[in-house]
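Note that the chains are named A, B, C, D and E in the order they appear, and that numbering of residues resets to 1 at the start of each chain.
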Amino acid sequence: MDIGTLFGIILGLVLIIGSIIVGGGASAFIDIPSVLVTMGGTIAALLITYPVGKVKAVFAVTKKILKAGNLDLEPWYRTLVELATVARRDGLLALESQLESIDDMFMRKGVQMMIDGNSAEAVAAVMEQEISNLEDRHAIGHGIWRSMGSYAPAFGMIGTLVGLVQMLRNLSDPSSIGAGMAVALLTTFYGAFFANLFCIPIQGKLEQRTEEEVALKRMLLTGILAIQSGDSPRIVGEKLLVFISPSERGRLER
Amino acid sequence: MDIGTLFGIILGLVLIIGSIIVGGGASAFIDIPSVLVTMGGTIAALLITYPVGKVKAVFAVTKKILKAGNLDLEPWYRTLVELATVARRDGLLALESQLESIDDMFMRKGVQMMIDGNSAEAVAAVMEQEISNLEDRHAIGHGIWRSMGSYAPAFGMIGTLVGLVQMLRNLSDPSSIGAGMAVALLTTFYGAFFANLFCIPIQGKLEQRTEEEVALKRMLLTGILAIQSGDSPRIVGEKLLVFISPSERGRLER
Amino acid sequence: MDIGTLFGIILGLVLIIGSIIVGGGASAFIDIPSVLVTMGGTIAALLITYPVGKVKAVFAVTKKILKAGNLDLEPWYRTLVELATVARRDGLLALESQLESIDDMFMRKGVQMMIDGNSAEAVAAVMEQEISNLEDRHAIGHGIWRSMGSYAPAFGMIGTLVGLVQMLRNLSDPSSIGAGMAVALLTTFYGAFFANLFCIPIQGKLEQRTEEEVALKRMLLTGILAIQSGDSPRIVGEKLLVFISPSERGRLER
Amino acid sequence: MDIGTLFGIILGLVLIIGSIIVGGGASAFIDIPSVLVTMGGTIAALLITYPVGKVKAVFAVTKKILKAGNLDLEPWYRTLVELATVARRDGLLALESQLESIDDMFMRKGVQMMIDGNSAEAVAAVMEQEISNLEDRHAIGHGIWRSMGSYAPAFGMIGTLVGLVQMLRNLSDPSSIGAGMAVALLTTFYGAFFANLFCIPIQGKLEQRTEEEVALKRMLLTGILAIQSGDSPRIVGEKLLVFISPSERGRLER
Amino acid sequence: MDIGTLFGIILGLVLIIGSIIVGGGASAFIDIPSVLVTMGGTIAALLITYPVGKVKAVFAVTKKILKAGNLDLEPWYRTLVELATVARRDGLLALESQLESIDDMFMRKGVQMMIDGNSAEAVAAVMEQEISNLEDRHAIGHGIWRSMGSYAPAFGMIGTLVGLVQMLRNLSDPSSIGAGMAVALLTTFYGAFFANLFCIPIQGKLEQRTEEEVALKRMLLTGILAIQSGDSPRIVGEKLLVFISPSERGRLER
């Protein structure tokens, strides 16, 4: 798992839970009906908005992405320069032998199309469409986490309103006012906590990741088109370098 | 009805109503004037914003969409590949006999235009215009539900302000303060509940559905243009595959 | 006046005012200084933002639009097909005699340019510019109502803050606390009421109307360009049909 | 000064200050530390965000724009038609003599480039770039007022939080609660008042003005290109008319 | 360090801290657990959203930018005009000798590509890609500060909710209510203070800076392309002037 993400989640939990324990009365912060209203309401609204299949798929993808480390552009850079070297030396058809060593479906498809003799326009069109479809599919994942991040505080507020109305009907017993209001506020707390420590950060992480993947795929497309147009390995490398941040370029040019 | 949507609505209702009953005094949550102010105000604002005919039409469409299951791209994929096979074997005009078996008006129009000998540009232009008009028409539906999702909490707050002013004028009778405030808060509760369990999720579902329909129509357009340009069924299939998520592609390629 | 709009305004007023009367003490809801702060502040901010002439013009246009019914595309469709018939039969110049029967300035200009022998590009360029300028002019109207919809609650809150500060200075007389707070809340009520029952719905209606007018003008432009290119009346009709929702097409094709 | 703006500012000040005086205890609304926190905090945040030079420049520009009346397109229209008449009669080079009577730098540059024999594309490119740079420079002004409009309420709230914490520490003296809370609320009042009567309306006015100036510059560019292409004064006039609202066109065509 | 930024930070701190000290009881505003919840929670959410490496890099870049003064376009303008003079007199290849005196990597690359005989399209494509990648890299920095600016108030509110629940459970001891609530409000204060005096202004400053850098790089690109197309130094200068605000142009033309 990405060490920063794990550390962030633990840090957040320790700080909030710690401040609860230090303040005393941690048991007052556990209230099953409040959890059910906040989290259950969020899930209910989510199931109305999105098909069950997509919600499940997004959770699986999220788990995979949180586990994965960061994307490193370097090996892709080296592979492309190597393919360019082979193509320059032995011709485009010689890439056929390299094909099975390419794991990535996207890159493989591009190289295959190139070997099959498709025009640069055809290769670019199909691969651009793949990138655009990837963005569309990922957008659903961002949407699901964004929805959770806004449903959770909303249902937290709904729960608090229910609790307030119930408390206000029993004002005759002053001793119960504080406890009633404390319980009423719990759902707002749950909603804000869940949204800000999980939903919104995870949505941000997924969006980051989509951008990284799209940038990688654009780099792959640029590389394949450069190889197809017969560029020398040095030129291919230079065209790829613009996709890499200046601070990392030095390492690659060596 | 889409099982997830139905389950979501029931789950949300059960959780909120359950938490009300468990807390005691469910009858305090039913107040007809409060319902009238919140829901009536929302409908009033909606009727000022949108023509009556469009509001009615949107509710009919919403009912239809909630009842329908998810779009499955597979049969459309198979139909297009089949049409491509016929066209390759017997020529474009042979598609005339297939025409009556096509239910979808959009696809039918495209195939008809192709048989009539229109150019690829003409077919694409008319069909792109149809897609763009479909998006425009659907946008009104999204707008109506989005408006309800923001009017409902607003009129909930207006009702609460009315209730608070009335309560504050009778502070001399302390025993009525709690009850008055409880009633005042009810409209805010109704507004938040209606917006977050119905309006916003349904708006989200309709937007999802529009995206799915547009993606399907783009796939149909891609397929028709591929058939018209004389692509082999295998190539047509490949061009369509990019519209389908990688996880489902395996199933189709078999 | 559009019956839905009128009904919406009356419904909203009846519900809110009704709930005030039912709750008792309607007189407590009338406070001239509060009205002055909320509405006057809104108008003051509006006059700083927009030139007086434009504010007046927008109110005149709003009145006209609220009075007008919905746009019906059918007569325009029929007129264009008729013009196409005349042009096909007697040539483009024969449209000269039809010119005075066209009320709409936009359509007249287009037909006139066509008769004058301008190229399709020139006709399209001038008419597109007209559409774009229409959108710009209408955008000011949307902006003015949107501004009012956000200034009104803001000045409502400012009035409430003034009232709260005044009330808090007299806490020594407990009997006046409730009344003071009730008056303080009135401005927030006025602001929310005015924004949500008038400003925001009317803004929505104007935006709707602009979209309808732009769609109509685009249909007119499409029709004129089709006539100019010598399309048969049947083809002109078909090109126009894509602008009309499927549910209304049946009626027109008869 | 634009009479509407001046009237709006005075109206807003009279209404708010009037409601304070009528309510009694106007002196309670003056609190120097509160003014310092709200306005000083806003200025502090502004100085962190924008370079001092730009803040000063924006205030100078704002003063100039508030003083200036509205843009009138009519004289520009007449000047362009006149230039077209001269160019038609005596050739483009004859415009040289008109050059010194043109005050506007933008128009002058365009006419000069035309006289120098630059191509229409070159003239359009340079002038479009000028328009785009004008928009960029103005955008900073909008940004500064928008920032102030959001910093002011934020520092108002910060001041209120400081006041509340201080008040809550002295609950033992009940008589001071009201006064403490009244002072605490003052900063929120200042922030809301300053943002809604000054920052947001002025930002709106500047944006309006930028749009007007850009529209004027586009009209000038259209006119210059029309003159360069040798259009007759009548045609130049017609091309310019689309930039003018229909209600004003009648006056110009006379 | 940019004097305005430094002054802004000190002014903001002095005003807020001053108002705390003047109000008495400054010690009540220091509460370590509250700081931990607000700032720690913000950092935790940030670490979940962004990779650790990028957070660190952004803080380093922020420090550098806050220290740097404003960009001055003048030396770049002069350098480009000088290069144009050399190129006009001695040919493009003579620029080789100037190359080592150019510090900026972006400009150096452009000049090098020009000397190497690349086409104008190739130079423009590579440099546009560099600009677009620069914008993408900077966007992460803006995103990190924007995230902090919204996480900080959110965790402030979470801390306040925790404090309120704890306080409400001890209503039996009235003397502790005020102190408990004061502590509860502290986190909201910290969050609002940190967001509005640091996160949002710094985000604004970074965005300003990115726009300035992009504008500079566009000016460099325009200049290089003008030199490559063989423009005279005077024309190159004129093409560059449109990037400079009118108030500064006079100084440069001298």
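Everything that follows uses one rule, which is that contacts are C-beta pairs under 8 Å (C-beta built on N, C-alpha and C of every residue); 3 or more make two chains touch, one makes a residue touch a chain.
Predicted model, so just to flag it, every value in this text is computed and none were measured.
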Report task. Starting at chain A, find the fewest moves between touching chains needed to arrive at chain D. Result -> 2
Requested in this report: Go ahead and note the Å separation of the Cα centroids belonging to chain C and chain E.
Outcome: 40
Report task. Could you please state the distance in Å, as a whole number, between where the Cα atoms of chain A are centred and where those of chain B are centred? Result -> 25
Query raised in the report: Going by the touch rule set out above, which residues of chain B reach two or more other chains?
Result: none
**Report entry** Chain-level touch network, classified as line, ring, star, complete or other
**Finding:** ring
Requested in this report: Provide the residue numbers of chain B that touch chain C in the complex, in ascending order.
Outcome: 33, 36-37, 40-41, 43-53, 55, 57, 105, 126, 129-130, 133, 136-137, 140, 143, 147, 151, 154-155, 157-159, 161-166, 168-172
Query - Complex interface listing, chain E residues touching chain D - result: 2-5, 7-9, 11-12, 15-16, 18-20, 22-25, 28-29, 70, 175, 177-179, 181-182, 185-186, 188-189, 192-193, 195-198, 200-202, 204-205, 208, 211, 215, 239, 242-243, 245-247
